[in-house]
Structures are given as structure tokens and as C-alpha cells.
């Protein structure tokens, strides 16, 4: 480290968000050092679904999701084969007339903002997804939503950053952030004008008071059943589950991987620190999924695992300066949208470092909005 | 949602091979209700596969444990989860069910170690015990030319079994060097029964060349036959055959023990003098607790069964051998010494690590080649970045191979520890506690 | 245990001894390739004991059943790779399937 000039920015945490920030900064000519305590892309990044989805529960969420989705699209041709980028689209499923009306409203909203969307009636839904049970009301198809395998994207982003001079260290845990210095477990120090904190749900361990909480999720992956499901299928109630801060909830969310395997989710639990598979929650989640796709019952589950999302009190990520700590930028709190919004986050972080305008307003994500609020 | 079926017992025995049968018999004899779960279609494990119908003499007295009124065997059952100490989940073709138990004896045995070499994935190339298992389950090999290769005394048993079924065993290739194997053979005077076994094997296999210090470097497929290239380190030669039965020793099946919270050391389940693991009330016996062969499995099974019964009746009272029958303890000591001698004699040579070429498949489930793995920092990185170990074998084949090739250690297991249907996995979270009635089976 | 069982393997009637495994029936049908790997290579049983999952075939319409661990039943319908069972998607753009020794 002594032979190269000191970095202008240190990125702590090399999950998808940290890696995207490092890549974006390095591309812009910033000298970057990345410090990852474990395996790059091995945390929540490896545990999630890899769904690139333009969620639109509220305006700020939509803006950053749309921006990021377009950046994923632009990057897709350059991604390595292992990233398995595909575009099955998202099909939001309505169980009754009320949900179908909500779907229609969302369809109009998407279209008004340049996102391709299509309403499906019961017949069209059944044709699009024969595995769904009978008696559903219809759905909303967003055909350009994508699916990717983030644990292969992260190493690629870091390699690209290295090619532009970034220093990347895995197995290097940061013990404390003191002013502009990141002090590591082995006693070594990295000093930089900017420190970007992208450690996900662990952020409060390094910077007490950062309002993120761990929100545990479960996933199950099946053996290969090509063609059984064609789109990512999500119940319209998913948004309620994601945004409400109920202590536990499940929502139907099934994704077809390019391998033909199905990824079955989703569950949320606050206030649980144990990463063990919780059979009770797993059952609730799987039963919910079988309510929509009865045929799931006979498919073979190969693995089940858990992960921790970083949840904030208001459901928006924390992107920007942490008040009272000059040079510290937070890039965390992405809850279930970390994969989707990684590149939008990286863009905003780079804009802050380079003091340039951003394509979307930064205010809704600024940490200052929550300073002093209890997580 | 209705609760899944459940059964209750005092002692759950996982595995109906020699160790599990011994444990079941001992526990039942001591007054316990016993449930035995085994994933094969019938009891006997690997060594005594099909022994019920073939009336194998040695197995009969141990299989008799299944006749005991307090012992119930559920065959075709795979243990996949454990929802509480005392509640294990298993799946059969009919569905999932819970086994409520006070104590458990885990006897899941061992699987073969496969070292990747060019052509090892061709149809016609199987394990050594693997081909023996297939033959015992009805696969015909009469008139077929078979090369048996790899390592360990198991190769003899396999060759004899194949000959019994009419195969032409062309040769047995043992990778261990001549000097080591000869020393081991000489040492068998310490275990007269083993010496007799070896003599019987040799007699049955007169006429079958036994090449020491010899191992396969490649298998090539033709239209209807295989060409196996062998080496002795100095020269190479090809053997034309119909099947190659090849495996390089055994690996303990530690996954059920990990599921039950047991500590693993040196690749086997750690047990004390009473065969108790680090998980209270959970015992282990047989190959999973140390690769030492049949006699050790039987002795350990008896000890574990008695200890599990004792613990049930009186409460656990420490890791002493007090109260356990002296002859069985002696048998165990001698058998374990034999196991150690065997492990030393048949240790795998370094040459085997160099057999795989860059394009040789290492993870068969996901077709991940050696070149993709060689640069990875460890097992977890390899899994995430190459998909190695992400297939249905859950890393059982490639995990052992990468440990041998690169020294990687596999990390902890999560349920389900075998692939199961989604509705079985759902059922695991819906068990009422023991004592609350679900439907019984 | 002296009965015989008749089942179909890739549409052909095969007779085996009662208690024989589906793997034995497939071998009796002269089939060495049980399934295709994810890159299209032919595979047969390796471990014979339910560990390796290379013997997966479709039995009575249900894919990914282990042939070596399943006893034959009268009238069982077994489909191997030759029946296109199951139709396994490739992993996406990648090397063409190879069938030589690897």
C-alpha cells in the first residue's frame, strides 16, 4: 500500500452496492480503495433473489428503481456469462377484483412514466402462466424487469475497478471509522477524503446511530424444471409486506432462473438476529407460494437459506452524507431493492464525490432526514 | 393446514446398516421403543445390501433386530431436518413425517471418495462400492469385462461380488505402493479374522491380477466399450473393458450429524467413550464416527445402543465406559486399531491430485471444470462464483473431491440436508410438539 | 422373492426380478445413458447409493427420481434421457455440449 498514492475514496463493504460504487467511482477517475471483511458479494448480495424490478410504491422508490433498472439494461451486454442476466419480466398476480383494479391503476401509472406494462385478464393470466391455480382474477405484466446472479457480477465490477487503478482487499475487516480514517482489524489504516459505508445491515456496528435494522428473509431453490414458470411471479400484496414494519410477514414471490430452477420467496422478520433456517417461517412462506402455484408441492427443494436485508424506518435507502461526520457517505438501507438500485446508488454517490448534478433528486435518500430518529 | 404424520419412540436410529442394526438391537434389548430410518429400499446399508433376500450368513443375526416387537424400520426414508432436539423430519415417497424421540443414534455410514480424472464422468465408469451396490440391486454384469481400481481392501470385496455375478474382472489396480500394502498384509496377524478374510479373498480372486502402485489416468469411451489407461508411475498402458469400477476410499456421511448439531473432527463425527456426540442425547456409530470397517461398526453400534438406552432410563451420567460390556469394548478397541492401520496403509498418493486436466469436470451436477475452480480461494467462493456444489448432491461428491484436490473445507449444512419435495419442507414447520396428537403412521 | 415385475423403460417393456432397482431395469434395457448433464454430456450411475444424483430419471411422470434407490413396481413408467426426460435447459450461452472424455 505504501507505494501507491493514498486513495481519494475508501469503500467499506463489497456487496453489490459497494462494488457498484467502487466501479462507478473508478470509472470517473477517482482513486478508490475497497475493504471487504469477508468474501466480496458473499453477504446479503448472495442471499437475495437478484430481481431487477421497477417498484413503484412511492415516487422516490420509483425514481431510483427506474434509473437503476435502465443502468442494468445498459450494462447487460458487457456482463460476464456467470451473471446470467435474463428478462423474464415481472407478473403481478391479482386474486380478486379489488387487486385487479389496483393492478390497472399501476399499469396506467407505469405507462405514464415510460415503463412498458400490460394488464392481463384471468384467461390471459392462465395462458401466460399455466402453473398458477384456477380462480385468479388477472395480473399486471411488466415485461422488461430482469433477473441476474449478483455473486458473479460483484467480482466482475471489482475487476473492472481494478483495471482503472482501484485497490480491492477481501478479508480485510474495518474495526472503526475515525474521522477520515478507516482503521482495520490488523491495525492498518486507510485515510481518504471520502469514506463510503456500504456494509448493509451491519452499518450501525461501525457508525452507531445509523438507522438500519436487520430484516431476515428466507429463500428456497428447486431442482431444474424448465418452463414450469416463465415470469417472476409476485402477489400484489408483496408491496404491503415489504413496506410495512410488521414484525413478520410472508408474500408470494417466485422466480424462474435461466437454469430452469425456481427461486421461492419471500419472508420478512424484524428483530431476529439468528441466521438459522426457521422452519415455521419457511412453512408459512412455502404454503403461501403453494396457494398460488399448487404444483410447487411436488418440486424438489435443493437448498434453503437466510439473509438479512438492511431496513430503514421509512423504507427509503440511505444515500448521502452522514451529518456530523465530514466525508462519510452512507450507501445502505436498501431493504429488498439492493440489487435493483445498486447502480442508481453508485451514480448518486459518485455525483456527491464529484460534486455534479444527479439525474434524480437526492433529497428523499439523504440520511439527514432521519438523523436522530429511532430506528 | 393439517399437521403431518408423526411417530414417537425412545431411540431414533438413523441408518439400517451394520452399526444401526447393532444399535437398534441393543437399545430394544434394553427395553426401548426404537424407530430405524434408512434411505435405501431395504435394510443392510451398503455392505449388506440385499442381504435379506440373499440370506447372507454374517448379516442374519443383526438383521434379526428388526424382528424385535419394539423395533420399527421405515425404509426409503431420508432424514432432512430437525426442528427441535427430539424431533427429526424424514421423507418417503408417500410424504413427510416427524419422529419424536428422546435419544438418537446416528449411523449414516460412508460414501466413496471420487478423485476426478479425464473420463470419470463417462457412463460405464462408476464407483467400486457403487458398482457392487448396483449389482446387488439387480444390475446385470454377467460376461462384462470390469476393471476395478482405486484404493482399499474394499476393492477385493467388490471384485469378488462382481465375479459371483458372472463378471470378468480383468484386474484390480490399487494405488497404494507395494511396500505399504505388504507391510499391512503382514500386520494382519494381529487380527486373525481379517487375515482369514484376506486369504479367502485372495483364493477367490486367483487369476485376477492385483497390481499395486497402479492407478487410472484416463478413461475413453468408444461405441460400446471403454479404454482405461493405467499407470504405475513408470509406464502407461491401456485396458479395454466394459466397465470401470473406481473409487479411492471412503468419506464419512457427516451431514445428518451436522444437522443434529454434532461437532465434526477430522472428517468424522466426534464421539466419546460411550459413542455420545457433542450434542446431548445424540450418539453416533459406524463409519460416520470413524472409518474402521465392519467389526468396529458392530461394536460401536452395540455400545451406542446401550448408552442411548441407559441415558433414557437413568439420565446421562458422564462419558465413562462403566456399565458397558467388556467384550464389546475390547472388540471396539481392536477394530479401531485395524481401522487406523488400514487408513495408513491405503493413504492416497499425491499423484492422484494431478490427474485432472483443466477441462476435467469436478462438479458433476453443474459441470464445473477443474480450471474454473483452481483459482478460487475456498469452498464458499467456489460455490458462489462457479456453482460448484449447488446441485442436487449438495456438494457430497465435489466437496470431497475439492477437499482432496485443493484442501478446501466444506462449511456447515442447512436443512434440507437432502433434496425433498417442497410440501415436505413445508410440513417441517407445522409439527405439533411431541405429545400433541398429529395423525399417526 | 421369486416374482417378476414388468415395467416400461422409454416405452419398451422390461421384466426384472421383484425387488430390483429401476437402475437395474434401465441397464437391462441396454441403456447406459440415464440422463444428460447440464452441458449435454451423457451420464449414468456413479455411486449406486443415492448420493451422486447422476441416475436421475423420470418415473411415472415425476422428474429427478433416483433410479438406484427406487425399487421397480409393476406397470411403472420410466423415462431416461432418450425420451427427452426431463428437458433440461442449458445454462445459457456457453460451450457446445461435448461427449468425449472430460
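For reference, chains read A, B and C in written order, and residue numbers begin at 1 within each chain.
Heads up, the rule we're going with is that contacts are C-beta pairs under 8 Å (C-beta built on N, C-alpha and C of every residue); 3 or more make two chains touch, one makes a residue touch a chain.
These numbers were taken from a predicted model, which means no experiment stands behind them.
A.B. asks: Any idea which chain sits dead centre by C-alpha averages?
C.D. replies: B
A.B. asks: Of the pairs A-B and B-C, which shows more C-beta pairs in contact?
C.D. replies: B-C
A.B. asks: Which integer distance in Å separates the CA centroid of chain A from that of chain B?
C.D. replies: 41
A.B. asks: How far is the middle of chain B from the middle of chain C, if each middle is the mean of its Cα atoms, in Å?
C.D. replies: About 23 Å, centre to centre.
A.B. asks: What are the residues of chain C that contact at least two other chains?
C.D. replies: 38, 64, 91 - these are the residues of chain C that touch more than one other chain.
A.B. asks: Of all the residues in chain A, which ones touch at least 2 other chains?
C.D. replies: 223, 298, 300
A.B. asks: Quick check on chain B: which residues sit in contact with 2+ other chains?
C.D. replies: Where chain B meets two or more other chains at a single residue, that happens at 391-392, 419.
A.B. asks: Of all residues in chain B, which touch chain C in the complex?
C.D. replies: 39-42, 46, 50, 53, 76, 78, 93, 111-112, 114, 118-119, 121-127, 129-134, 137-140, 218-221, 359-361, 364-367, 369, 391-393, 396-397, 419
A.B. asks: Give every residue of chain C touching chain B within the complex, in rising order.
C.D. replies: 1, 16-17, 19-21, 23-25, 27-28, 32-34, 37-39, 41-54, 56, 64, 68-71, 91, 99-102
A.B. asks: If we count contacts the way the header does, which residues on chain B are in touch with chain A in the complex?
C.D. replies: Listed in rising order, the residues of chain B that touch chain A are 1, 81, 83, 377, 380-381, 384-386, 390-392, 394, 414-416, 419-423, 425-430.
A.B. asks: What part of chain A is in contact with chain C in the complex they form?
C.D. replies: Residue positions touching the partner: 81, 84, 86, 223-227, 258-260, 298, 300.
A.B. asks: Which residues of chain A touch chain B in their complex?
C.D. replies: Touch list, chain A to chain B: 39, 41-42, 46, 82, 151-152, 155, 170, 220, 222-223, 264, 276-284, 286-287, 289-290, 296-305.
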